[in-house]
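Following this message is one structure expressed as structure tokens.
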């Protein structure tokens, strides 16, 4: 199932997120993508928090990122998050980070898996989630 | 109840823990003190992890720290952790951080509270913990 | 010199900032206070980033915090930051964190020191900063 | 140039590194791989810190990770780090994380680029580094 849904979020680089290179530390982008993901879901009409309270979690199973330029302290970054596809219990997101000049400085993707909190095994996404996704389904003909 | 128990742990400053000032970011010391605390408890004969699995948590209620000098990337720091006292559900720790030259660069203290996981209310420490502490009790006469 | 300046910022608790207790980890508040501080300075008409580029840094020398209640994942917290006083090279901030219901869950204070990047020694704050502070000076008679 | 060099480091999962899922947060592995990398270089006879002091930095340009199982609080993880190859200014590392039972829970790789601190442009690795690498070069015939 191919999806076409996009969210744009803003994140300002914190002082504690820089390293002595003077860049935003490469490991902190994982949190930025998580924020982009949660905001995309919220914007999409879905609360990740509520789903987790109902016993379904969504851990990351794969994460790839390419850094093509640095982010600096106090930069207000634009995080573009796309929900791209869903196959079984897996959902796939893509991300792009733009610096304050609008230059692309990073591209990333993640695969996440719907799992039951009780036994940590993959389960189908909630029905309400599938219904929402259908609104943004891309016809592949 | 006054206690006299001390643990010495070593922590190496990670690159991602520095900031663009070239120092270890001030907010990261909280993790170092947590490591000191857990190692002190382990050394003391007590597993924080197991206590939590049995339904008792130990959140921090107060934290004070004075930074008198910087820590740098790749520095192997010495964390001196002291269990100082316990009153009711509260336990009090003190910390000192030494840099690789042995110079004191930070002093801190924390108060933690034993709470029940089920209702988040303060409860007495586990009996096994109190028994252990008695071995290190300081006679205050 | 007593100051009366206040900023209100909003921060949403990230998933990666929670711990297995289900709370926002106690060590992450240091970043929240840093954000409050930087936003207070920006609001005050001052760029911390530019000052640092001009060779003056503002490390934290003391930090105290009391946690009276937890913050949870996805909570939008209100960070109230007050610039309280300045004596010589030292500046003193106070903070309060309110949860989404408006309940106070944490109070904190920090002392920071203006230091020269070249020799790491305390120096007077920039003249432009002192001029700005005078606008918010409290007459102590 | 293919290299055959391997380092094994141990890292204990800190409380602040867990999230409310009860897992080590996926974003924290980037720091673990950085530690593995620095320890591999140290073991290899090379100080990353000194190279940086001499004006050469080594930022990450690509990072991929697959998580096949969780890491829990207080787990002592084994980080296996391999220096795999070097082409021009680029160096390629692979990582595997084993949990305390010896089960592989994560595999990752990173590409890093030697850059000059003065102009942030790619430069050849230091001669001393190339000499060291030659000791571990794999003959590809």
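Which chain is which? They are A, B, C and D, in the order written, and residues in each are numbered from 1.
Methods note: contacts are C-beta pairs under 8 Å (C-beta built on N, C-alpha and C of every residue); 3 or more make two chains touch, one makes a residue touch a chain.
Everything quoted here is computed from the prediction, not taken from an experiment.
Undergrad: Which one of the chains is farthest from chain B, going by Cα centres?
TA: Greatest centre separation from chain B goes to chain A.
Undergrad: Can you check which chain pair, A-D or A-B, has more C-beta pairs in contact?
TA: Looking at contacts between chains, A-D has the larger number.
Undergrad: Measuring centre to centre with CA averages, how many angstrom lie between chain B and chain D?
TA: Distance between chain centres, rounded to whole Å: 29 Å.
Undergrad: Averaging only over C-alpha atoms, locate the centres of chain A and chain D and give their separation in whole Å.
TA: Chain A and chain D have C-alpha centres separated by 25 Å.
Undergrad: So what's the Cα centroid distance for chain A and chain B, whole Å?
TA: A distance of 35 Å separates the two centres.
Undergrad: Touching at least two other chains at once: which residues of chain C meet that condition?
TA: Only 15-16, 20-21, 25, 27-28, 30-31, 34, 73 qualify.
Undergrad: Help me check something: in the complex, which residues belonging to chain A touch chain B?
TA: 15-16, 18-22, 25, 27-28, 73
Undergrad: Flag every residue of chain C that touches chain B in the complex, lowest number first.
TA: Residues 20-21, 23, 25-28, 30-31, 34, 52, 57, 59-68, 70, 120 of chain C touch chain B in their complex.
Undergrad: State the interface residues of chain B toward chain D in the complex, per the touch definition above.
TA: Residue positions touching the partner: 12, 14-17, 30-31, 34-35, 38, 47-49, 73-74.
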